[in-house]
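Chain nomenclature is as follows: A, B, C and D, assigned in order of appearance, with residue numbering initiated at 1 for each chain independently.
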């Protein structure tokens, strides 16, 4: 797999540097770390939001730093959770005394590293709360396992909890909003091609020229089924069915959706998927109030997409509509 | 090449439908055409901007419809210029009596189709002016040939001429600004992989596992040199040198840049390129005032990127800073 | 020969048949030195043109060519759409009010079509475009009595093949500069099919 | 055997050597049922850990393990980072003030490390994680006098191989459900290297 990089070991550092240079109006670096901070952090009087995880999901997570969303993003190596020492630095840098809220995607590594950092921060007297996002219905939701993965639905947590914090919500209020988003958001993805971690040099898996992997994770973790590729409408229907038939009752509800590109899939194809999803939801009596189509949570150069559906109420709609000004998300 | 589509023949129509459904707050369809219009078109008192070309370059062109940029976008088939009958409909739909300005990329097909539409519109008494964008330094600038291609620099024309029109500029003023952008903008791209037009089913060209095509066009037209892949810094240097050594005198100037992804290249890699470009320009005494990193003018699922450098003056900087609210570009 | 509406319609039909069966080949040629859509463009356009002219009752050849022009102009797109559209529009204009059409009138029409293509494309002979086929064909048709269907086909074919060695200075292939040599021009190839179809009609209707 | 600082340092060095030469293999294992970074993570972490402990003068084994813990915690990342970090931190805590360390004390340390991993990972034996190697090794070490280096290596190896047939219920492999069977767990494999290195040190120092 050809890549536009220098040394595999330097990818994350150089990417962060390039990001910072591109967006000096939004972010600054926290010296000696892989943390990027909102320019005006700590924002006094505001609960601070931190997200992060392995790199390779750009524009997640640094792309969401700015007014109305995140105060900091912590970048790990490619597809590898960041370490507690980095996370704790981020927590200290953004806390204005109103507490810090961590948005964690449900992967064992992320959960452990963030929780260790949280323990350390609390030991230093900082109030920290967290939410663990687990929107991926491809994975069984079982109490015997570590449960479902967090994927593109995480962006809704950034937006809604971020808006709540920006509006002056308390740490508990921000947490409640984030939990509400998690409770009402379901996603599922499909891959057409694998991706390759720069340091590894080998694709994460192999797919034939006519095969897709349904239920793919955003790190190229295998999905639930490998099958022949079918039409855009059929694939969208398959994902949508799983999403809608899960535990959230979407009947007669209003929803916000994300048609999320995983990396190499052209926007034109995402819009073809959107067309189907909009028609299908309308037929099912579900009203789409907000639509986001694009690359929000990627998986390096993987081809494929995910569909996220979030049931919304009045407050969630207002928070989606609230201003946001970040490199990757503006309103 | 696997694609998320239904029928190859329906790709453009379904994509446009999905786009319109995703962005009802920005665009509406012009019934029976492949034209998308700014919701409030024709905007009274304003010169209207129209851009367009073959599809497959998303978010170009419809993504730039909205306040401060385009009034309409005309979509052709994949990589194929739209036809005059579509363009004339767009012209008629956006003209508020203040004239219509066409942004054309310098391809024989685009130029001919747009000019035919222009002739027809003028015959109907509509004032129409145009600019032909030709920023690609990979192609020799010769009066014996049809000259250079228009690539990502076109986005700067949309932004700056669009802001000028939004600010009440006359048709002549808009044209002058657009020409100034064209005169001061140079770009060049590189491909790591080819792309496949849905209806064709075969990639446009072949590259070995360690080869890149330097000077690629946005339709997969072959570039100027095929060579072994090198580091991100080396590739960026090669493109940048050609761009800087062309006929614009960038010495001691201020510039705006676009690091444009061609489709499949992850954002992380674009930022690694940006890092090099920023450092290199700084060393050369060139000051970057505006940086845009992302997918602005793509080539389906091609992997690769282009670098665009535009020399700016005070007015151009102000117009870049002016508000813009479109699906793909917000300020 | 003398041209009637039936022959004009048959010309479009036969051209379409050739285009459809060579769609992939035209695309391949365009992949080598262009953007790989010429087969798709021509196939889309002539499919519609044939559908239109086969299902319409015409009084004059000029009308057949006018409809063909309109369909090609609005369905082909790219560089070839306006050029083929212009060609048929010019032929329609020259042949207006002339029915049946004589050999000499037809030759005039093709010459005007060639001029239209040159003007619209701002190109001339020798730039590795479809003009390289239209030009010798127009010259050939002007020869009067001597013209034979077989000769017409040969002339067009030879002209098309000659584009292989020339350097492109117009159209997308021009970006390739020296690398454009060694490949036959796609638009010249579709123009060859057009004149091959013409020769076929001729043979049948002679 | 009795443990001194040299052996502790040698353990980290030998582990690193094994990790480095099996980096690709660990990544392959993780590609099959995870996200394909385990080799990269372990290689990055142990490289730094070895660099740290080889270049520092230590008075106590507890300090060697504490530095190892800190480096692993801050360099490995992912799931394995906090787990290996915790393991060495727990060992450091148990062995604090004990120098040289007896066999029984070392067994206690490993047992505490195992408990730390279980608690941090909210997992237990049989879930196809590194615990499946640490558990039998900890049990084995408690056996007192009878423990031999060869036997230790065998125990770890057998335990690692057994993970092949089990169903994953924790870690990324759990997403695969039944499809997780038939693949050896990557973390169990890196833990096997750790104990293989331990056995080597033991053989040399016995």
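Assume contacts are C-beta pairs under 8 Å (C-beta built on N, C-alpha and C of every residue); 3 or more make two chains touch, one makes a residue touch a chain.
Since the structure is predicted, the reported quantities are computational estimates derived from the model, not experimental observations.
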item: Lowest number of touching-chain links that must be crossed from chain A to chain D; value: 1
item: Chain A and chain C, separation of their C-alpha mean positions in angstrom; value: 54
item: For chain A paired with chain B, centre-to-centre distance based on mean C-alpha positions, whole Å; value: 29
item: Euclidean distance of C-alpha centroids - chain C vs chain D, Å; value: 75
item: Chains grouped in pairs wherever the two touch, ordered by label; value: A-B, A-D, B-C
item: Residues of chain A defined as touching chain D within the complex; value: 54, 76-86, 107-109, 112-113, 116, 138-140, 144-146, 149, 197, 199-200, 202, 204-205, 217, 219-222
item: Of chain D, residues touching chain A in the complex; value: 27-28, 31, 33-37, 39-41, 44, 73-83, 120-122, 169-172, 174-177, 179
item: Residues of chain A touching chain B in the complex; value: 2-6, 11-12, 14-19, 21-23, 55-56, 58-59, 63, 192-193, 209-210, 212, 229, 231-233, 235, 259, 263-276, 278, 291-293, 295, 298, 300-301, 303, 305, 330-331
